[in-house]
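Below, chain A partners chain B and then partners chain C, in two separate complexes.
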Partner chain A sequence: MSLSATNLLVALQHADGQFPSGGFAFSQGLEASSSLADRLGAFDFADFVDIQIRHRWADADRVALVRAFRLAGDLDALAELDSEVEASTFVEGLRLGSRRNGTALLTTHGRLGTKGATAYRGMVRNGSACGHLAVVQGLVWQALGLDEATAVAIGGYQMVASLATAAVRLGLIGAIDAQASMARALPAIEAAGSRPVADGEALRSFTPLCEIAVAMHGVSGQRLFSN
Partner chain B sequence: MDARTSSATSSASRVGAARIGIGGPVGSGKTALIERLIPAFAARGVSLAIVTNDLVTAEDAERIRRSGLIDPARVAAVEAGACPHTVIREDPTLNIAAADDLEVLFPDVELILIESGGDNLASTFSLDLVDWWMFVIDVAGGDDIPRKKGPGVLKCDLLVVNKTDLAPYVGVDLEAMAAQAATARAGRPMALTNCRSNNGIDAIADRIVSDVLFR
Partner chain C sequence: MTSHWPQPPATYALVQPRQAEARCGRFELAFSRHGARTHLGRQFVCYPFHMTRPFALDRAIPSLLTVYQQSSSGGLYRDDRLTSRYELGAGAAAHITTQAATVVHDCHGQPAHQVTEIVLEENAFLAVTPDPLVLFPGASSSSTLRARLAPGAVLLLSDAFTCHDPEGRLRSFDRLGSDVSIRDAAGRLLVRDNLEVSGADIAGPASPIGGWKVVSNFMLLGDPTRLPAAEALVALNDMASAIVGVSALANGAGFGLRCLAADAIAARSIGESLFELAVAAAFGIQPVPRRK
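What follows is the complex of A and B.
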């Protein structure tokens, strides 16, 4: 993948953890899995990240992002894809988290004037679209003029960076260790990201222990993260 | 499309309800202040909605919803993800989205109060999120807070010193504390309140109606 300086800078801007996307409020099951280790089995951050990449992001979120990207701003088709994401995300905590995170990202892009963001935010608000994060990422990053491979790389990077940040805030790992973990995860993102996505490819994920943990954690009332 | 220029570099003007932030340390009385302001605004004919930021639970939102003072549907809760300052400053998108939704659900809303989760003296509100904001401290938190000149104390539009009734019980010279706060803020507005007895609330409501709603 070779990027022009312009596109590289745009990619850096939108991959940056400081870009306001609402992502800091979600741990994607990390908090639940780590806090319920005594009931669900030993917890290891590197293992958790690897499972999330290979068994959730690679075949579900990444596929949704690519399909959304290829829809090139067709909002009705995006809403249909959004429904697929909704139906394929079994646990409520992860499903609602993805919707809230996507809506937050849309909110920022709406204010920035990114093409399609305000209209799709309206569809989310009136219930004709769900606003899942991966779908919104595909919508706005395509609208920014980025290429598909770069959009996939940003999506994978943000997923892992978000987990690392949450792990630091939960006190599971230190900030430097988090960077070491990210470095180890990058090849897995690259490998998963390079696999072709067929048009209309189904969304598949298999993270049962994480989903059980989120389901159990969701009713505890004591959590720092939204999921 | 040119990725560099495809997105506007500044946000468009927003038309809608005025948004007010209420920040301050844990236990300073932010929720109690809101509970007093709700009837004060009702008496002034101001249509209100509220967004609360809770760290670990939905305690503040539920407390206000169950207060009987306001339609519970007008109270939205945002979970702050372990970072109460992030959700009001660096990344206020979840709060903006919640306030936007309240505006659409209740088109008559004129004023949205956004309560931060309890934080430290460095917390400030993004002006992407609010038009005007208060910082609430209390005398029991220590009379040295104004002297420490945290950004919350210095930059807010109104500093509220709450629990004035406790001053004699915690060894605080209220007059001196207020004078130090006024000096630290170089004369910018400040209010002394005792939310428990409703002291000082009307003055805050009047100020907001005047300075924010321009009535």
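What follows is the complex of A and C.
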């Protein structure tokens, strides 16, 4: 992956945690997995991140992102892919989180004037599209002129960064440990991102322990994150 | 071999072309409702599958037939190509289960393939609850299940696996793949649950199942007025030796349950309790225990 300075700067802007994507409200099962450790089994942040990269993001979120990216702004086709993501996300907490996160990102890009964002936001509003995060990422990052590999890298980085941020906010790890964990996760993102995605490739994931945590989290009382 | 169904339907095919040495078993049953009872009509069963006869185990639920899908081969072997097909006519009800767990032997890089096709017409009920796969070292299994539900129909699916090294050397299986897709009568995709995992993934320090031993997935799909209340399903999560996550599935398709258990006894208990809840919700009567 070789980026021009312009595209590198665009990528940095959109990967930045300051970018208002709405992801701060979601922990993707991290809060539940850590808070329910007595019931589910010992929790380790680095292992949790590794599982999320290899068993969910690599073959589900990343595949959806790449397929959305290749649709190059075809909104009807994106809505169809969105429906596939909806059907393929087993646990309601993760499904709703992905939709809310995607809609937030779409809203931001609508205000920034990113091509296709406002029109697709309208489709989400009228119920003809779901607005899942990975689909929206593919839509807007393609519209910004980034290349596919960069879009995948941003998606992977943001996923890990949001987990690290959530872990720090929950007091599970300190800021330095969070950065060390992220550094260890980057090669896994790169390895997963280098696997080719076939046209129409099905979405796959296998994170039963995390999914159980999210489902149990949904019926628990106090919590900081939506999932 | 029992054959009253000579040709496979044109609407489906085996996953891949048959290899010269591959075993291509078929287990295909069609049920229909006549009065208060369900009858087994068309059927085609060939090696390695075996079926004795359907049982009417629940005297209080005469419409519910139970069939034990048996195998005379001792498990799944490399490059097996096994297909099952269940068609239930309007109002028919059936329970398909097995007598015991199924061992998947070392497949030497050539996975055993299982394909299941399910078609439920209006108000039909089907529970497909096989005992777990036991993945031996080198085992490789790939399964595909496609189901289509008409309005009013109810479908309970269970799918479970565990690992075992008979020599106690902690060797792991090769790969496990499972792809389940549920569609409505119009062909619209409602739910897809697609996984692939290696034995090394399960055995490693960052295992997606943690320290648990038996993995079970359940789906309880269909007419919401014939499904248990969510609270009853959540109440399954009261065992120390198993954890259960209950979630509403996409598109109002029903409920999905993930279960991780410390042992086969706990996993079986959860599965049996869920079957009882499903039957009670659909028929208003508790089923009798299934003998294994």
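Some observations on this one:
Keep this in mind: the second predicted complex is superposed on the first by the 227 of 227 C-alpha atoms of A that agree within 3 Å, B and C clash if a C-alpha of one lies under 4 Å from a C-alpha of the other, contacts with A are read in each partner's own complex, and residues count from 1 in each chain.
Keep this in mind: contacts are C-beta pairs under 8 Å (C-beta built on N, C-alpha and C of every residue); 3 or more make two chains touch, one makes a residue touch a chain.
What you see is a predicted model; the values in this text were computed from it and never measured.
Contacts of A:226 after superposition: chain B is touched, whereas chain C is not reached. Look at A:196: by the touch rule set out above, it reaches neither chain B nor chain C.
Contacts of A:171 after superposition on the shared chain: neither chain B nor chain C is touched.
With both structures placed on the common chain, the touch criterion links A:216 to chain C but leaves chain B unconnected.
Judged by the touch definition given at the top, the superposed model places A:127 against neither chain B nor chain C.
In the superposed model, A:51 lies in contact with chain C only, and not with chain B. In the superposition on chain A, no chain A position is in contact with chain B in one complex as well as with chain C in the other. The touching residues of chain C, when paired with chain A in their complex, are 179, 189-197, 201, 205-212, 215, 217, 234, 237, 243-251, 256, 258-260. Of all residues in chain A, those touching chain C in their complex are 39-42, 44, 46-48, 50-51, 54-55, 59, 83-84, 86-93, 95, 202-216, 218-219.
Residues 1-4, 6-9, 11-12, 14, 55-58, 78-83, 86-87, 90-94, 96-97, 100-101, 104, 128 of chain B are the ones that touch chain A when the two sit in their complex.
Chain A contributes residues 6-7, 9-10, 18, 20-27, 100, 103-105, 107-109, 111-115, 125, 143-146, 166, 169-170, 221-226 to its touches with chain B in the complex.
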